[in-house]
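Here the chain labels run A, B, C and D in written order, and each chain numbers its own residues starting at 1.
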Amino acid sequence: MILDALSVLLLLLGLFFFVSGLLGLWRFPDTFARLHALTKADNLGLGLVMTGLLFQVPDVLWAIKFILVWLLALVASAVNAHLIAVFLHRQQEGHDESA
Amino acid sequence: MNLLDGLWGVLDLLLVAVLLLLAMAAVLSSDRRRSMMLFIVFGLVLALVWARLHAPDIALAEAAIGAGLGGALLMATLRRDTHQQTDQFPQHPVVLWGVGVLVMVLGTAIAWGLFSVLPTVEQTWRKGAAVDAQLAFSGVSHPVTAVLLNFRAWDTLLELAVLLAAIFGIRALGYVRSAYVTEVAFSQLAVWLVPLLILMAGYVLWAGAHSPGGAFQAGALLAGAGILLRLAGYSHAGLPTTRWLVRLGLVAGTGVFLLVGLGLLGWGQGFLHYPIAYAKWWILLIEMLATVSIGMTLTLAFMGGIPQKEAA
Amino acid sequence: MNTVLLAVVVVLALVLLISLLIMLSRTRLTDRLLAVQLLGTLGVAILLMLAVVMQQRAFLDTALVLVLLAVVVTAVFTHRQRGGKS
Amino acid sequence: MVGLSAINPQFLYVCAGIFLFAIGLWGTWLHAHYVRKIISLNVMGAGVFLTLIAVAYRGEHLPPDPVPHALVLTGIVVAVSATALALVIIRRLEDATDE
């Protein structure tokens, strides 16, 4: 019962971060600021959702896999954010005006 | 109970709304790059829909191919030097709307036809399901398993053959110029990701040995590694530079599949009728080679053919 | 508990729909790229939730593949190509 | 909320699949550029797959029919093979018209 409550709390917190990422995407004036807000928000959102789900998994194997997905998602999102930032930078310097 | 069903209903409505919006935007958008991005997201949402409809194998295939590799292949057709990337419809608006109406009428007709036969189809299936259940309890699951394995083998063989035909077509077009600029920062990132992708391919293949699917999804992951290597400046994307090795790799999957099948035939078994005791290992071996072939094929498709020797 | 989890999935799907609408309303390429990233993460989150709700471990593999290949797609998309200014 | 449980998911997804097919057909027909035709063709294919899987769906508590699933799995592979070949041909066509 306590685990369930903890789970719900973490899931709600995760939802909060997803919604704030959405707001950042919608309201922030500058693209770099949006990138910053978004990457932080959705990483945390996914992380919290996963932690919340960890209390609901049927066995240890599931939990291991969940943590694996989380770690990979962290690596992937760091690389993604880097690639997008470089792309943005290049565009703003006018190397690639077709974008 | 009713609340749960209601929630599923809301989820279904939301997923369908997102899916249809994405499809319409991808088809109608006048910007080509935007259309591709929307198509990739379409693949992602489609994977969610497959998951929701209890089709985990298809969800995995869609994630690997629809949202992943297919997107990369599409993006490979984009070139920065062509500034004209808007696609206006050349037709008169009357034609656009007219065809739209026509297509919708056709869709309605299909829907009407389908829903009028669906009840009978379902009844037949219900009976089939009952038979399945009885078979499972009467201890004759052995022939069922054999048939299933057999069926699956044919399936994989023909898939491989189709892919081989596609790569023959691509190879027939000759050599390509290299199209990507090397970036040092990127090569360092690629070094991180390539082993991860290969490891994941191995895992998906192994996991697929006791449930349907595997080789194609694993091959798509290998191709992902190849694409990253290509972007990092390896002109051959990690493929062997000797031509006969490439050829061997491309046909390995289909070739070994056929050889094993014919060998079994000669040994008095049916074509691709593995002895049950070793079936798992045979399948794993063949699918391993198939994965290599598929990965090489998709990497070559991304590059647009065999790369030309670069003037150093 | 499943009802609660499913309710969370529904909210996530709603966020998915809204971010899609934002993406469609944007004209700049990079903004859309960011929206795609948010959509991808939301998709993975929904898939993980569904894995628990529907008791399907296979969905976790799908999520892994989705995450890894998303990077490949971003790499292809943001990579500089021959031609252009050079 | 309770009223929504009356929605038959099979009906909903079959309709969605047919709608996707229709949109895809429209795009394949009317787009002038080949890449756009290919994208539309793939949307059309997705519509067919969705219809098949929706027909195979037998509610939350029964396992779905495996035969349409096998068909769709093969269909996805065939579709991506054909798409890959078509895209390479389109690239070569563009190269040829440039020079």
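Worth pointing out:
The definition used in the following text is that a residue touches a chain if its C-beta (ideal position, glycine included) is under 8 Å from a C-beta of that chain, and two chains touch if they have at least 3 such contacts.
From a predicted model like this one, the values you see are computed outputs, not experimental measurements.
A count of contacting C-beta pairs for A-B and for B-C identifies B-C as the more extensively joined pair.
Note on chain placement: the centre of subunit A and the centre of subunit D lie 29 Å apart, centres being C-alpha means.
If each chain is reduced to the centroid of its CA atoms, subunit B and subunit C end up 19 Å from each other.
Separation between the centroids of subunit B and subunit D, computed from CA atoms only, is 12 Å. Touching of two or more other chains is recorded for residues 3, 7-8, 10, 54, 57, 69, 76, 79-81, 186, 189, 193, 196 of subunit B. Residue positions of subunit C touching 2 or more other chains: 29, 33, 63-64, 68, 70-71, 75, 77, 80, 84. Counting partner chains per residue, subunit D shows two or more touched chains at no residue at all. Under the stated contact rule, the graph of chain-to-chain touches falls outside the line, ring, star and complete shapes. Applying the touch definition to all chain combinations yields A-B, A-C, B-C, B-D. Listing the residues of subunit A that touch subunit C in their complex gives 4, 7-8, 11-12, 14-15, 18-19, 21-22, 25-26, 31, 34-35, 38-39, 42-43, 45-46, 49-50, 53, 56-58, 61-62, 65-66, 68-69, 72-73, 76-77, 79-81, 83-84, 86-88, 90-91, 95-96, 98-99.
On subunit B, the positions that touch subunit A within their shared complex are 80-81, 83, 85, 185-186, 189, 192-193, 196. Partner subunit C is touched in their complex by these residues of subunit B: 3-4, 7-8, 10-11, 14-15, 17-18, 21-22, 25, 33-34, 37, 40-41, 44-45, 47-48, 51-52, 54, 56-57, 59-60, 63-64, 67-69, 71-72, 75-76, 78-81, 177-181, 183, 186, 189-190, 193, 196-197, 200, 203-204, 207, 211, 217, 220-221, 224, 227-228, 231. Remark: subunit C residues 2-3, 6-7, 9-10, 13-14, 16-17, 20-21, 23-24, 29, 32-33, 36, 39-40, 43, 46-47, 50, 54, 56, 58-59, 61-66, 68-73, 75-77, 79-84, 86 touch subunit B in the complex.
Residues 1-7, 9, 11-16, 18-27, 29-33, 35-36, 38-40, 42-43, 46, 49-51, 53-58, 60, 62-65, 69-70, 72-74, 76-78, 80-85, 87-92, 94 of subunit D touch subunit B in their complex.
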